[in-house]
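Right, one structure below, let's go through it.
Order of writing sets the chain letters: A, B and C. Residues in each chain are counted from 1.
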């Protein structure tokens, strides 16, 4: 249904300060100001403590996922070990915080993320000098190996990594400025939101520089890049180091938020999570990873309350996206951009209706799959706790046949009905785009 | 001392053979289809668990035959209905698909068998001591593992070089389009290679399961080492994979038995240990402790001095 | 006596046991338009790859403006003033036409790896990109994604990227391949315009294009140059005729 090359044939014209004047500046700053306003008022809408914690986690994940996309989406480097720079940033930040507290240095909490950034940059340069010698699949394997190297070292360097318990700190004990001690979560949220916005602006600005543009070029055609005078290796090395810098900032923000860093933060699981978040959101656009970060954080928190096997659902969602929507959620949205630009609202409405028609059997199919997974889980591992489970508030006994029959009906029936709706969506799609082009 | 060297050599060669059993399948799949199967170690794990489950019901020997076939079959289906579909989205998407697959397989295994180790035991028929090296008994099961690995390689080599199918596979390794135009069903060959490759990994799992531990984190522990093997050996080279497997197998096995620490070495040349700090940990580190990360150190060294691997070509 | 723009001295290239380039020596003076022709498989693209650094010679020397550049990587050779186009279009498919050309002007304008400077504000970049787009007549298509251009447009873009850096030495690999007569005529006019005052080495199969543009022609057969002269004399050369038409039995 979709392929990697974007359907949006027209690339937006470069705006910016070239066409000088106050109007241009306003156009440039408007989205960011709106974002700043949105960040500021979010806590007034979501006021509970757990909501604030989740918002804080989202802020951290946004910075982390954007830093990851500097590698994958912008430069074409697939890394399986990006958490190294995130985790090491966190570790250096906690150690810095503990040193500041211990020696009563006049350093406020607000600047601690800089320590994370410095750490990320330093290790990005060190490891990048070795990693960026190769690209593509080999680079991915190198990143995996380096990630394992650092994660395994955590068992040896117990002083730095704090062993199994990790290293903890107390963020309220640093220098208080403006009367803020950063004890309450709301203060931490604003600190994270502020740094998040700063990092977002910085990373976006990077894409609008000669370096940023050449990163896109080396992603698309590393060979041709050489023939216009650029060394692909240098481009990748710089991108790698800068991506490490921002990952380190994210790690420091996490250290501040949780007041604890342990070796899991440099591990393969964390690297996999940011990969999932960036990819599901969409690596082809700047805001894609932002969407992915928000969604993945939300799912991580919400799903883990509902089911023990939430990670399985994650994995299946990821595979589904790789197979059917490789441009992620942002990509799916951007497919509709031509309609929006042509203001073909009627067509869009009809398309939305077609989607709705297809959605119903899709949900049935999903329900069937969830039933199968949950019942299997309760028959095998959790069988010792009894085989009755509650799915969608309906009590079922996983050991009896009726729920299994129901699951089979839902799954196969749902799939069959879903297939029937595909031509409907296809037709609506063709109509919409025929109309759109005619305009 | 000599006993230690002999035992370590035997164990190291055995470990290397197991690694190569997996690395060979991985290399074949990569050379043929251009995709590095991130989930390769997961099929190894499936082999171990299927072997365990089947041996509970039917005994070890039926499991030894049935489990790899089942897992290879699953591999073929994955290629047919999953990987082939993703191929058009490019190499990054293919790698990510196999990454997602590894993730899902681990979750499913955890869901069904739990997080703890499975009680997969050496069959009674092989649970004796084959011979005695100096004062240590060398288990017959390990000899069985070694012999199985060698036998499989012999079969593989014969098939690849002396049968028609093998010839087609060799040709498809470098010229799949041409092979297709000659009328051969290249997609079916792909499915076969993927199935056999994953089946080989499963065999490694079935026989290694009782000796090493059978647990849901097996794939996560062995996977990275497997990829280090193919990068160090040179991506796409079977000979390189063989050399690298043996190298890493021997080095890791020997390292585990060396209790020399950094402090011992430095004290020998007159450097005193520091009182505290980050480096304090490093001083007491023994070679045995860093044995798990030696493959990764080797990876870094290869990347600095010979980036294309031991036997790699410039292309990959 | 100033050094030739491009000088090849006994250049050889082996792939395992096969000799593809068997001792090629050639001197192209600055400002000359030089065409390389020859039957398929003669090694013309390999020769280009050797000159531009994509391949390393087995033996022999490549000199640019008197400087030995043998074995240097492509980006170093490009920085020394040599640019090339490709037989199979080699553009940045996901970037727009404008961005494609812009990427090609950045290094020569000295911007290098600058990540501290916004690109939209760079007037020199904008002007040069605009100029190149006009030269290859793609101004109206500037916002289109390069991957969806028509074939002829992609070839024009290919040339645009090649000339964007202002290189003094241009290597064009079959620039008119796959074009209709009208398109080829336009391509010829474009090539003549952009190679004004520069050194041009061109691989071509279309003899019309060759005799239209070239000051001198070299004929490459089985990795060796069998003739190198002005077009009029090449037409008469019996060895060239034999190579193309075969000898009578």
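One rule holds for everything that comes next: a residue touches a chain if its C-beta (ideal position, glycine included) is under 8 Å from a C-beta of that chain, and two chains touch if they have at least 3 such contacts.
Quick caveat, the model's predicted, so the values are computed rather than measured.
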item: Identity of the chain that, by mean CA position, is farthest from chain B; value: C
item: Central chain (distance from its CA mean to the mean of all protein CA atoms); value: A
item: Centroid distance [mean C-alpha coordinates] between chain C and chain A, Å; value: 43
item: Rounded Å distance, chain B centre to chain C centre (Cα mean); value: 47
item: Rounded Å distance, chain A centre to chain B centre (Cα mean); value: 31
item: Per-residue overlap in chain B, given as positions that touch at least 2 other chains; value: none
item: Interfacial residue positions of chain A with respect to chain C in the complex; value: 5-6, 8-18, 205-206, 208-214, 216-217, 219-221, 223-232, 234-235, 238, 242
item: For the chain A and chain B complex, residues of the former touching the latter; value: 3-4, 72, 76, 78, 80, 130-131, 133-134, 136-138, 140-142, 144-149, 152-153, 155-160, 268, 272, 275, 279, 309, 311-312, 314-316, 318-319, 322-323, 326, 373, 376-377, 380-381
item: Partner chain A, residues of chain C touching it in the complex; value: 52-54, 73-75, 78-79, 83-84, 86, 90-96, 98-99, 102-104, 106-108, 111-123, 125-126, 143-145, 147-148, 161, 164-165
item: Contact footprint of chain A on chain B as seen in their complex; value: 36, 82, 85-86, 88-93, 95-97, 99-101, 103-104, 107-108, 110-114, 220, 224, 227-228, 230-231, 235, 276-278, 280-282, 285, 289-290, 292-293, 295-297, 299-300, 303-304, 307, 316
